[in-house]
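Pasting the structures in now, so scroll down.
Okay, so subunit A shows up in both of these, paired with subunit B first and subunit C after.
Up next is the complex of A and B:
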């Protein structure tokens, strides 16, 4: 694991340099970005090599007698390391020009510092080999990302987002602590390996607690409330990393716990599938109702986490019903979607960052027609959108395809498995359709049509590193979509390293499927490219007159004639009104020549509403009653501390 | 037989009593500095094997505890022309009485606990208990913020004494950890003090009451 630790050290050094060289901001940024990229690259290479030759490498450090840090790299952690380092590498590159005119050198330096810590801690979490190490780096990960979220701490909105994130990540961590505490209570050791020996009821408890804990990090409904607040608040490359990678660490935790508990009951699979379906469908419904581009993408993370969970759930059900092919397909699909989602979601966030950078607004309905000025951003964003909708021949399709096939394998089995599989398949289809609606909305309103406000008129795209990283990601979307076998071995290696309770099965059938996907994609391209060529041929030499989009032959078209995002989404939102209550505010239009009017709408997240009603308000009420304790006298407070110490001494 | 450590600790106990009774801040600072020096040299006499590193650590502790921190507080006080009274909530006579009570109670408690490894030194455990309690007392009953900082340092002196005497094995780690703690604590307090002083033109913590919602 030498190279791994060296990579981590290089990354940390990068962050450190940005702090000590804060006076020479430009120079510091070059060094930091360089070191972070080198570190990520070296880590990526190490992880890929580790996946190619699956071996278990370990290292442990004993600093204090009781707690010792232990690390272990196996197939699963290798796979997640690939995701972490690849996305962080591109995000670092992207940040070079994105952070150019941040206006505050200290803030930028601090941002890079915490970014480096975030990368390092994520990598260390997935390699942790005992509970102490895991929790230590888990907390460091949560805290460093908290500081990244409050980057714009002079804005109340950012502070609120940071606060919400802080509360959620720590309540989540508390659940994980409870789960680990139960394990420790039974086994008396902090090691992961002893978890398999727990009694069955304890295993179920541990799984549920850790699922809640990890789910709150992953953004599983209803613990996703922090996500749509935190992602828009952070700078875009951070949103890309948080949404593309960090929330996946929660998924890693869920898989890890499942493997460690080694208890193949259908309960786990059903829990995971139900959670996945609910997050998937509601995530995309809420995304449809958003007006803020980054917030919309954040809700799509909830949706995609749902898809990943459906895959894992199918895998778990496959294991419990002793159907190895279904299990392997489910897990492979889920893990593959982890990788794919990290690629296209960071691409989309980077695109959104470019839009935000150049137009200064995140509001979808204020934009329009951007693709004419921002060619590369527009095209890569469309590629990312097609990928996230799960359309062939892009990478999002491949992962979902495996999950579908896994689900269809389950249909042939007995009733309960049949029900779960059908449920998963139908929901996947619903999610895919809604996601398509949502992204036609985004692409149509933001990139096509005509500029709706001044913000979208005079735009350009500059920043080579930003464009390069977006192009690389878009290229990866296409490449993986057409040639999945180039990458599919990674999740397969990770799944085979899980060591689940089935016999090793041949992965030939899966490879066959990927070959078929390639074939289909090739046929698709073979038909598409000639069509383009024919079009080019016949239009050659003809005068092509361009006029405004949605001109519709009017002599005086105005931009107000265009569909807005709200109007486009409203027919779907109407259907989902019970779970996505819509607040609308518009005056009634009267007369033949109505005056200027307005329309405001907001989709309420039922998780947020109910959490406020059920948790926040009672807690506030309770603590309101305790307000008399706060007298404002510091001596009294010191007295409280003394009292607490004495009480502790008496009781312990 | 009276052990040399006990003689030193008697000085500490004396300094405790003085710290209850002083009204002038700079005297309190001197007492705290003296106490820091005396507490720091205890490890030399307690009979642990002193390595070269250990000696360096102990001397560093002595310098920081006995000279640097008191000096810097004194300089800060002079520079800012801070009021030189400790502004007690409980009067001096009553405070001294409390101090006596604390020492008696500490002795009683240490008899009850009877920890074998340090039972050779009669005064060690009572002092170690009395110091934090004294610090706490000063923190609670003095309105002047600098006096409160001094109370905190006295408390830390006590924790240091407990740490060095009980934990024989990981001696320097504990010492150094506590030292860092004190430094960080004093730095934070200095920052807070500065803010209080700038906001209220005084370091009387009574002013903080106005900050309550």
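Up next is the complex of A and C:
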């Protein structure tokens, strides 16, 4: 694991340099971006090599006596390392021009510092081989990303987002602590390997606790409340990393726990599928209702985590019902979607960052017609949108295809599996349709049509490194979508490393599926050729004029008359009103010649609404009653500590 | 293979003809003579002869819309077994590819509409984005039933050769539900009455027609041809479902198939003549009926068919 640790060191050095060279900001940024990129590149190469030649490499450091640190790299962690390093590499590249006019050198330096720590801690979490190491880097990861979220700490909105994120990540960590505590209570060791020997009821409890803990990081409904606040608050390359990579570490945790517990009950699979379906559908419904571009993308992360969980759930059910192909397809589809989502979601966040950078607004309804001035941003954003909707021939389709096929395998099995499979397949179809509605809204309102306000009129796109990163990601979307066999071995290696009783994997049949996808995509692309040829033939030498849009007889159209994002989505949101209550605010129009009016609407997230009622208020009430404990006297506090220790000694 | 390709070419070229049958039926109900059966070919020729006017608001997406929508419609036809023959291409899971390719064409149609900055087209686009979601869920429900019955995930396994007969023998009663369900999907996906009215005169009430308001000339021709092909795709499936017989005589199967097609198109025409379109907010309920029917059919098979 030598190269891995060297890469981590280079990355940390990069962050460190940005801090000490803060007075020479320009120079510091070049050094930092260079070192971070080199570190990520070297880490990426190491991870890929590790996946190609499957072997388990490990290292441990016993400085801390009982609490020793141990690392291990297997197929699953290798796969996640590829995702982490690849996306962070491009995000670093993107940040070079994105952070150009940040206006505050210290803040930029601090941002790079925590960014480097975030990358390093994510890489160390997925290679951790015992609970101590895992929790240590898990906490560092949460804290460093917290500091990245409050980048604009002078804004109340950012502070609130940071606070919310802080609370959620620590309550989530508490759940993981409880799960690990139960394991420690039974096994008396911090190692991961002893987990398989737990009694079955304890296993279920551990899984549920850790699912809640990891789910709150991953953004599983209803623990996703922090996500739509935190992602927009951070700078766009950080949003890209957080949404594309960091929340996937939660997914890693769920898979890891499932493997370690080694308990193949249908309960786990059903929990995961239900959580996935709920997150998937509600995530995209709330996304439809958003007016803020980055918030909308953040809700789409909830949706995609849902899709990933559906895949994993199908895999788990495949394992418990002893159907190896279903298991492999479900897990492969889920993991493939992890990779795909990290690609297109970071692409979309980068595009949104460019839009924010040039127009200064995140409000969807204030934009319009950007594709005319921002060609590369527009086209790459559209490619990302097509990919996230799961449409062929883009990469999003491939992962969903595997999940579908896995789900269909379950249709042929007994009734309980059958019901779960129907649920999964129909939900995936609905999610796909809703995502399409949502992204046609974004593309249509932000990039097409006419500019709705002045902010969107005079724009350009500059920043070569930003454009390069986006183009690379968009290229990856198309390439993987047409030739999935280039990448498919990565999730397969990860899945075979899970060792869930289906090895050896029927690699041939999966390669056959990827070949089919390639065939289908090629057929489609070739079919387009004659159509294009016909179009060209019939337009040869014809008079082509340009004129205004046909206004159905109305001759004085204005840009204000365009359909807005809110009106576009309202029709669908009506259907989902019970789960997505809509707050509207507009004065009644009176008189023959009404004066200026306004319309405000907001789609409420029921998790957020109920969190206050069900959790926050009772907790506040309880602590209010306990206020007398806190007297502000240090002696009393020391007394409390002593008392607590004595009580613990007596009882344990 | 050769037969399949010939049938595929036949499908593309005959699709406009069959769509004209709907107009003829509607004219019959209205007591008129109606346009000639070749009217759609005349329209296409007229459109292809013309030039185009593009809105100053539009971009490349506007020109991509017609290409992708026709391209995906004819791609989808390649995976469809026509008249019980094998499809040109077929693989395990081609259904998912077909449905998502139609999604791709929807994405580009909507994008082309949003490109014009017209409020009417935006309105149509919002509706176009909505109804097919339910249709997709219903279609998947139907294929879940078919998968349960056959264990295969490709159109050829359901609609080529003796497979459709086998489906009937396995689960005749649920298939009746499926035919109705699929017919509702056909009406909605192809913007027919009662989900949408292709002949309405007010832009505010249109769905599909309003989205192509700004297209003209060959571009509009491509779109029209694409929608004829799409309707033909759905009709072929229903035709095979209602007349699945193979009489052992090569020509006869094809005649039966044409008969089935004519029945479907006439049914569409009759429905269009005798009922009015639903109010916009009632359309989702109408579409959900198809989902409910398919769901019910699947549940029946759980208990009665092993």
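We take it that the second predicted complex is superposed on the first by the 591 of 652 C-alpha atoms of A that agree within 3 Å, B and C clash if a C-alpha of one lies under 4 Å from a C-alpha of the other, contacts with A are read in each partner's own complex, and residues count from 1 in each chain.
Keep in mind that, in the parts below, contacts are C-beta pairs under 8 Å (C-beta built on N, C-alpha and C of every residue); 3 or more make two chains touch, one makes a residue touch a chain.
Not measured: the values here are computed from a predicted model.
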Which of subunit B and subunit C A:516 touches, first, second, both or neither: second
Subunit B versus subunit C as contact partner of A:644, first or second or both or neither: neither
Which of subunit B and subunit C A:450 touches, first, second, both or neither: second
Subunit A: partner with more touched residues, subunit B or subunit C: C
Which superposed partner A:533 touches (first subunit B, second subunit C, both, neither): neither
Which of subunit B and subunit C A:634 touches, first, second, both or neither: first
Touched partner set for A:392, first subunit B, second subunit C, both or neither: second
Subunit C-touching residues of subunit A, taken from the complex the two chains share: 368-369, 371-372, 382, 385-386, 389-392, 397, 400-401, 404-405, 408, 411-412, 415, 418, 421-422, 425-426, 429-430, 432-434, 436-437, 439-441, 443-445, 448-450, 512-513, 516-517, 519-520, 523-524, 527-528, 531-532, 534-535, 538-539, 542-552, 557, 559, 561-563, 567-572, 574-575
Residues of subunit C defined as touching subunit A within the complex: 48, 50-59, 61, 66-68, 70-72, 74-75, 78, 89, 91-94, 96-97, 99-101, 103-104, 106-107, 110-111, 113-123, 125-127, 129-130, 132-134, 136-137, 139-141, 144, 147-148, 151, 153, 203, 213-214, 217-219, 221-222, 281, 284, 298, 302
Interfacial residue positions of subunit B with respect to subunit A in the complex: 89, 136, 139-141, 143, 148, 205-206, 208-213
Touching residues on subunit A, where the partner in the complex is subunit B: 630-635, 638-639, 642
